[in-house]
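Chain nomenclature is as follows: A, B, C and D, assigned in order of appearance, with residue numbering initiated at 1 for each chain independently.
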Amino acid sequence: MKKLINKVEDVITEQMEGMAAAHTNIKINLDPKYVWRSEETKKGKVAIISGGGSGHEPMHAGFVGFGMLDAACPGEVFTSPTPDQMYECAKKVENGGGVLFLVKNYTGDVMNFEMAAEMLNGEGIKTQNILIDDDVAVKDSLYTAGRRGVGTTVIMEKIVGAAAEAGYNLEQCAALAEKVNSRGRSMGMALTSCIVPAAGKPNFDIAEDEIEIGVGIHGEPGRKRIPHTTADEITSILVDAIFDDKDYSRLLREWDFNTNGWEEKEMVSKAFASGDKMIALVNGLGSTPLSELYCVYRKLDEICKTKNVELSRNLVGSYITALDMQGCSITLVRADEEILKFWDATVNTPALHWA
Amino acid sequence: METIKLSQLITWLEKTAKYMQENKEYLTELDSAIGDADHGFNMERGFNKVIGKIEELKQSEDAAALLKGTGMTLISSIGGASGPLYGTFFLQASMVLKGNKELTLEDLKASFENGLKGVKSRGRASLGEKTMIDVLEPVVTSLVTSTEKGLTINEALENTVNVAETGMKSTINMLATKGRASYLGERSVGHQDPGATSSYLILKALKESIN
Amino acid sequence: MKKLINKVEDVITEQMEGMAAAHTNIKINLDPKYVWRSEETKKGKVAIISGGGSGHEPMHAGFVGFGMLDAACPGEVFTSPTPDQMYECAKKVENGGGVLFLVKNYTGDVMNFEMAAEMLNGEGIKTQNILIDDDVAVKDSLYTAGRRGVGTTVIMEKIVGAAAEAGYNLEQCAALAEKVNSRGRSMGMALTSCIVPAAGKPNFDIAEDEIEIGVGIHGEPGRKRIPHTTADEITSILVDAIFDDKDYSRLLREWDFNTNGWEEKEMVSKAFASGDKMIALVNGLGSTPLSELYCVYRKLDEICKTKNVELSRNLVGSYITALDMQGCSITLVRADEEILKFWDATVNTPALHWA
Amino acid sequence: METIKLSQLITWLEKTAKYMQENKEYLTELDSAIGDADHGFNMERGFNKVIGKIEELKQSEDAAALLKGTGMTLISSIGGASGPLYGTFFLQASMVLKGNKELTLEDLKASFENGLKGVKSRGRASLGEKTMIDVLEPVVTSLVTSTEKGLTINEALENTVNVAETGMKSTINMLATKGRASYLGERSVGHQDPGATSSYLILKALKESIN
């Protein structure tokens, strides 16, 4: 394993220190670990917080700043952060508007964030958890832990962050987050595995002439392995998986402020159709040259044109990675006016900024 | 009446930490087949944290405080799926104990029973889903039986290790429907569950600490 | 070789098509190949054009847009573009203010851009070439083709692009570009080689426990090979090379509008010293996770503090790459007020944008 | 008087293209040792472009037009260092010819002499710097001598190939001070220069086309 690191135990800390040194608009806390905005936010603004295992950089810490996250809690590499991180972090940035946790749907993340929300709600700090479960590689939720949260997370953090900045309250932010989640679908593939620093070797073996279809962002093996093929064919496979996905219904837990406990809520993602307008993310998994992502975008654009689907906005780059994995994922979020308005709103974070 | 002393519970934690260190690579290897290759690191990190607090834990007033301190430490240091689950197990296990300076088999049973309940409600999994529950639930069942039969603590723990091992191995042929392994569908079959394996090690450590 | 490409011959074209599809503010021409800004520029604005071999993405095409480049000419992978590309491209974007070619100092790039400048000046289109030669890994210019142009290119394109936008004329833009070049120093290292699509295998072999110090951006072997070590030590080696570099003097060719030919001009880069303020670029070579770059930035920041050198601005990310090479480079440009003003000015390109 | 016909020059270009195709990997291999592993692709791309225009080139009025067309094509298709250099070579070689439908040895010499001058002024390199000049300059010197001695074209070209080969091999032990290889300093010694090698192939193709 060759990496630009010092001791394996210090990877997360030193990366946080580097970020804080490079970006004056974020601050870090090391025990417990979280990253938050330096400038004060408007009184009453909902605190938008995310977090998850490290190794997906720039997500989430790179998205802390004006118009996006108030704070992020990094866990160990590929391991959910712990409730005390989220709890301390929320106490630090909560500003009278309550807390919205944006949580990727992995068993670990869900449970840790739920524990934190329980603690905060128990103390009278209104806290809601919204899940992201957009990975169509996971087919059903009856026989699995449900779909994983992947690329839609980036888009949700941007949009809900902008809405919070614009004065949406906790219920409105949560509803918007739900809407974005129900309109997002992603599918990924890998050319190579990644190497977790502590493990020091690839998570899975893959031959020179094979690729893995349907990987997530944790170096976990995907759904199937096929012979390596052209970028156009690979793009078609990913895009087809997204468009072939039918209406998808599942139960997701949310905090019920009346019963003061968790309630299951049905969430339906309608299949994509002709005439839809999309925000598209062509995402590199860490070691994919930008030029190759543009080659994928080119084909995605071509396919969408034949489907009469408009790519209204896009991001092409490495935004939600799996350490040094070679590969890519495609995310499409069906947009509407509200979504586009908040997508276009000013954002100023280390990894995303525009005005 | 035969009991488990606080000092023996401390030994249990120390032995568990040692097993997690020794089996770090093994547990991670199991997790790399059907998960994300971190279970060994997670468990080692968590129990090392417990060991780091062992002097403090030794000062615990009673078994409830000891188990609660352990649970809180695991929760705030493991993360992932196993952190809240093991943390909850110890935390909930502590809840039914009140001022006990030592545990009878009855206490242990009640405590584990409540721990298991916590794990199941936190993780919403049940038997046969290829998780740590495939070890923890048979263990609790066995403790219940042993209590009813009036076995000694040693006999009872001997039994728990046996059912824990059987439970652990039973996960090999299961199709995972909870946790990360569930993403693999059919491909999860044929691999032993890492969390079930760490649960087995915890039970093994318990038996060896009491003997 | 596993890459997200179709046919090796089509790599550059398809990447350009993908960029054009993703970014409405740039346009592409395929024969000959160049990328240029969609919106018209102010009459009389100097046209700032760069170009070079492909494989260094997002450079240069990713820097085309308001406040930076007017156009970029991509060559084949790691191969300078040809004079006809630059010529046609310059004719397309020249808007009465003349043309400034920003050229990385490689034999091929220099000669091709010189031929283009000769053709344009021959037609009465005022054209100047400014070289970037900032790579301290190349020790002298007497026994070599001179220092290579690396990271300072990105910073120069930003600064000179902003100046042109602000109304600097050709002479002023050229003088500013010279100033930035004379104040920039870079040093890079590689953990792995890269794979050129047409070659299909690594440019050089390197063992699991070795790293290459002083590589450029073309997968060429560097100056020396050492055992792999920590990020802190690697950073120290790079930073020391930059700070140990003494006053550096060399002759660079510029177009003389009086004699209508090339003239050699002496250019001196003064050694860096305590009290200097810097723009810092910690650059990934293509396959380096952002987290590792932050680990490098952390140490860079620490070392600079002990040297009483201020990192006034920074960029951390993959901005000038060597395809899928794992490794990084550090660039420091000694700033002054003029440089910082133009650094901070609004820029809106696919890869760099702020307001 | 013995001359080179336009059709033979066309054969030369075709043979050169063939050699570049055949030696693509070899030239790239040489360039990967001391450069950036593209010389073979560059040369193949350039001469394939020339072949793509061969019908047009066949229509050339005279040798000047033919060589100029070749030079322009190389300039606009190769890129890198070798593009402007070989392009300039052919372009400048064409400049001293006026309306020739065929070339005498004297014409060839004058033409190559001017081509070399162009390469040297474009690249500012001279003999012994481990570049194509270590082939081209001895070749021109040999052509001068052959002209003075009044050799036949065949004899003269026989000699050029010999000095080209010697020149090419002489680069092995040279320390590069121009081009990409110069970055390697001492590490450039022991490798044959790719550009010198392609120059040798061009000269070899010429001899074989005239024979």
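One rule holds in what follows: a residue touches a chain if its C-beta (ideal position, glycine included) is under 8 Å from a C-beta of that chain, and two chains touch if they have at least 3 such contacts.
These numbers were taken from a predicted model, which means no experiment stands behind them.
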item	value
Given chain A and chain D, the chains that contact each of them	C
Maximum centroid distance from chain A, chain identifier (CA atoms)	D
Distance between the centres, which are taken as Cα means, of chain D and chain C, whole angstrom	31
Intercentroid distance (Cα basis), chain C paired with chain B, Å	56
Centre distance in Å when chain B and chain D are each reduced to the mean of their C-alpha atoms	77
Interface hub residues of chain B, defined as touching at least two other chains	none
Chain-level touch network, classified as line, ring, star, complete or other	line
Chains grouped in pairs wherever the two touch, ordered by label	A-B, A-C, C-D
Contacting residues of chain C [partner chain A, same complex]	1-7, 11, 14-19, 21-22, 54-55, 57-58, 62, 191-192, 208, 211, 228, 230-232, 234, 282, 286-298, 301, 311, 314, 316, 318, 321, 323-324, 326, 328, 350, 353-355
For the chain C and chain D complex, residues of the former touching the latter	32, 53, 75-85, 106-108, 111-112, 114-115, 137-139, 143-145, 148, 196, 198-199, 203-204, 216, 218-221, 223
Interface residues, chain D side, partner chain C - complex	28, 32, 35-38, 41-42, 45, 75-85, 122-123, 175, 177-180, 182-185, 187
